[in-house]
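What follows is a set of structures for review.
Common to both upcoming complexes is subunit A, partnered first by subunit B, then by subunit C.
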Partner chain A sequence: MKKRGLVIVVLVILGVILGVIVVDFLNNRPDRRGRNPYALEVDQYRKVDPSLVRYRETRNFDLGLLIAADMTLYNNHLYVAGNSLLVKISLDGTPMDMIEILPGATSVEVDDQQVIIGFRNRMASYDHRGTLLHQWAVPGDSTWITNLALKADKIFVADAGNRRIIIYNRDGEQTGEFEGKSESESGHGFIVPSPNFDLAVNSFGELWVVNPGKHALENYTEDGRLRGFWDKAGFDIEGFLGCCNPARIAVMKDGSFITSEKGMVRIKIYDPSGKLISVVAPPELFEGGSGKAPEVCVDDQGVVYALDFDRDRVRVFEPIDN
Partner chain B sequence: MEKKDKGYNRRDFINNGIRLALGATVAGTAAFTLSRSATGKDYVWQIDPFKCTQCGRCATECVRSESAVKCVHAFDLCGYCDVCSGYLKPGAKLETGAENQLCPTAAIQRKYIEEPYFEYIIDEELCIGCGKCVKGCSAFGNGSLHLQIRHDLCLNCNQCSIAASCPSDAISRVPADEPYLIKGDFTKGEEKG
Partner chain C sequence: MMKRTSGNILYLLLFLFLLTGAEAMAQQRFPKPEFESGYVQPDPTTPEPRSMELEYVDVLVLLLVLSLASWLAVRRRSRRGLLWLSIFSLVYFGFYRNGCICSIGAIQNVALSIFDSGYAISLTALLFFILPLFFALFFGRTFCAAACPLGVIQDLLVIHPVSIPSWIRKTLGFIPVIYLGLAVLMAATGSDFIICRYDPFIGIFRMDGPFLMIFLGVTFLLLGMFFARPYCRVFCPYGVLLGWMSRFSKWHLTITPSECIQCKLCKDSCPFDAIEMPAEQTYRTPEVARKNLHRFILYVVLIPVLVVFGGWVGAKSHIFLSRVHPDVYLAELMISRPELKNDVDNVDIQAFLESGETFEQLVERATMIRNRFKKGSMILGGFIGLVLGITLMNQVVFRNREVYEPHRGNCFSCGRCMDYCPVEKR
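Coming up: the complex of A and B.
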């Protein structure tokens, strides 16, 4: 009888131990843990006032096997560079043409004269049939070309690695260079913490360069003198958030800017003086991605084309008024 | 009655099998030990900063009362917190006043390098390895702040209790002669390789 009682006690103890182990195992599974007491809460900044969102995503199209690096819009066609190819796509997403380019493109611009491709530390120009015209190395130990802009016979090259804008002619000869520095307080120079350094020439022929470390858009003369700037830093929707924003820009025909931000990805429109006009795409449309800023282009009707690097798709946003 | 052959019966078979298994175990253990001492390879636990999701468990799951996980700053990767807000509270002014800082224990100190670049130095006595600053730096900056297991503090348990609860399998054993996965350094190594 005594022995039986002992067995029962031992069994009860074993049962309790087993129960504790099972409960502990189930509760400690990585997907069943409680809230992180040290969580960084930024969800409130992901929410955007719906009245500010005056665009909607109407369609998107696949880029096939292309691993896209950059995109530009010229003459009502999109040109997407990636792998060793440059693909010409109509605005409804139909592939129209394709030319073979050197591998490793980081940036592309197209105008009446040429197709210009930027690589990490070199440049190449092609005619519209895909014939290689010129290629040249861009000097510098840490050269990292991120974006290009064209105006007449000038090629403006943004070199994030050396925090400078280099100017070439169409034959690949360097005609100028500037770092955005001046004697004035506002002329600190370009602060480029990461390879996000964009520039654009608007329909009035003005050169605008993003100074990402200052969350600023700066207007320069062609010889590198600062003419004006505006800046917006902050977590709220009016500002640019975190490091290196806006990471990419495009210009509308009235001189307004389309801005694309990395980190908390959002696409917005600012007027030429820096006043927020509307939101094209709020962060919720890019949930779950890597946080890389989409490349943006805009056509004459104000339709915004965003190259989503995570999905390898071009996403089309049209004004709701349309 | 036929006499059974008692030369090699079932009992002998089982006994020999057990001897063989024991022998193989001893030989295997000896070979493993010899191979480890021959290659000099020993292993320690470390966090892959590219897999880490800054869940906060490094602060609470370590068997040590003061977690062996600490924040480190890859100085050569980025030091632009002044323009980034990565280590400041969301919505706070871009000023380094204690009330603006994200770190719950004020463990981050900084050293001026050049405008606006700073080296960020972590006071390891204060850092609890919560990863809150790492989250901000990774989400909005270049991710130069990241978490590492400090081997002067780590007990190198057979089963790391943080690894067991890590939701992203970011903690694994690495060779003891390369015990840290500092972002700037091993990222450069990958580029060279």
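Coming up: the complex of A and C.
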């Protein structure tokens, strides 16, 4: 009798095991699954310590019908490229001038010599009155120009499609090219998973290139040798999050960097060595948008101008100390 | 004796220590990103990739274990040797190799490679599938005795095994057959690897796993204290294949090393009810023989009927079974509940929408998969009908057995019964 009882217990347990397996199997379906264990939950990182935010948005201005692609700041004026136009705007938002350019601009840079416009796989230079000086094709099957930087007679072109920086002179002749590779372990080369690849020349004439896949800012000589870098990968406010950040940068007068991130959009300031100084705009100011990184510019007073692509507005952030 | 045992353990530990160092040879192609945050990456479902050389080491170890186990079971007749060898296999294939790769799961790799020309099975998986079957064909289920970590972990915890009535055992014996058929069908259609999904001991070997896996593992082990090796006897699909091979084994473990003296000492020695008794005299009467012959003829006639009926039932159930495939289920779901397209929390639907594939393409693929299920389910049903028919037929086949001997299909070759036999080897 005792043995019979044990046999019944064994059979019941076997039945339970079988039942559990069948129920689990039938429940493992797209509309019956539980929480996704691999879900990337970053909500906690949207909150930023208020003491770190040392800027506030003081104003913003509409760009009218212009569908902006890029913006730069030169001589206390903003230059916004979009549609087939380049619009010159004063820092208080008043349109000053407008020139017609070729359609499809992706990037713009202005200095006292020329206005340089980058297209997806072409380049063009204009004088300040809007006269087309040169235009040339950038070779490569997957060329995707994302940003430009100017220094003296050199034009540095960031080509995200081919993960390279191309150097042209003002006549459109290629004088150099580099992919950021070096023999040292740090010189992996540019990792550009998406068309977010920026560069800038600071007030000391140093060329800084974002290596977005490595969450790094890298300093190169003009012939493409890596001189130094800093990187910050991380979910928290001090790091860069996601596949390819910072998506855009600008340089301040003292060599500090304004960084703009895509995905969880945030704008921050780092000193030249990569230490976080402050937050210009926390993610909550960009909620509801597509997550595209705003283009950023900064004037000599440290006022940050962010081109918000979702709202087609230039948003102005001034230091609270001012 | 004690000194020699300690020495053996020392060598075993040294060997395993050296193997842990060899793990460094196996590197991921791309390192995981290092984030300076508290993010904890979820554990992957499979162990880290292993270098090809180390995979061949695994095959070599399996080959050596099988050879040694066969020698210990058939020639040396050493239960103690088999026990130590099985502990080694538990440590190596179980805790060191994390239960992967295993011969049981390799069934699915083989099935998929046969039916999907785009899938190339690795030589390691193929050898893990073939070698134990090959050894079973000659020496019985020595793989179960000392090479299978799933079997060993249960075997070590057999405390007070109870004998289960024969009719219940035979009924339960159909579960592994159905499980085998379903596993092959799921793998062949690219739907799922259910053997791996419901491997109860992986979580224990890896010291980590989902709650269900741990629950099943612990439950099986607790159950195994009283119903020895429950997974092997009631679920293991590979055991079905091993059993078939072992039935034809040329040199199988025997209880007695020479002539059985009918002392009956071994009668209750097998915790798995795998010892067959001598046939009773009542079964040898002409009346019983005639009755059995009639039943035999009936079952022989019944087999094609069962196969056809099974095939018909299988074909009828193909729509239900095909829903196991994620594409079929997803297509049906998106037809019946189109509003789910807007559910951002539904990972499967969102992943499909992001893939860029059109809904029409998904439906077309789902239809193709369902057609494959129709054929597969029909074969599965026919196969179950055939096994049922042969099992029934076996019930009435008279075997003129006069000694106690292990059932070649069910015996795990653990060697427990040998220790009970007082007959000396001549």
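FYI, the second predicted complex is superposed on the first by the 281 of 322 C-alpha atoms of A that agree within 3 Å, B and C clash if a C-alpha of one lies under 4 Å from a C-alpha of the other, contacts with A are read in each partner's own complex, and residues count from 1 in each chain.
The working rule: contacts are C-beta pairs under 8 Å (C-beta built on N, C-alpha and C of every residue); 3 or more make two chains touch, one makes a residue touch a chain.
No experiment lies behind these values; they were computed from the predicted model shown.
By the document's definition of touching, of the two partners only subunit C reaches A:Ile17; subunit B does not.
Once the two complexes are overlaid on the shared chain, A:Phe235 sits against subunit B and subunit C alike. By the touch criterion defined above, A:Gly263 reaches subunit B but does not reach subunit C.
Contact with subunit B, but none with subunit C, is seen for A:Ile191 once the two complexes are overlaid on the shared chain. Of the two partner chains placed by the overlay, only subunit B lies in contact with A:Gly291; subunit C stays clear of it.
In the superposition on chain A, A:Tyr38 makes contact with both subunit B and subunit C. Residues 30-31, 33, 36-39, 233-236 of subunit A lie in contact with subunit B in one complex and with subunit C in the other. Interface residues of subunit C, counted against subunit A in their complex, comprise 33-39, 42, 162-165, 168, 172, 175, 194, 197-198, 212, 215-216, 219-220, 223, 226-227, 230, 234, 323-324, 326, 329-330, 333, 337, 340, 345-349. On the side of subunit B, the complex with subunit A involves touching residues 54-57, 59-60, 78, 80, 83-86, 90-91, 94, 102, 104, 115-116, 130-132, 135-136, 139-142, 164-167.
Across the interface of their complex, subunit C is touched by residues 3, 6-7, 9-11, 13-14, 16-18, 20-21, 24-25, 29-31, 33, 36-39, 232-236, 238-239 of subunit A.
Across the interface of their complex, subunit B is touched by residues 28, 30-31, 33, 36-42, 44-45, 188, 191, 193-194, 213-215, 233-236, 241-244, 263-264, 291 of subunit A.
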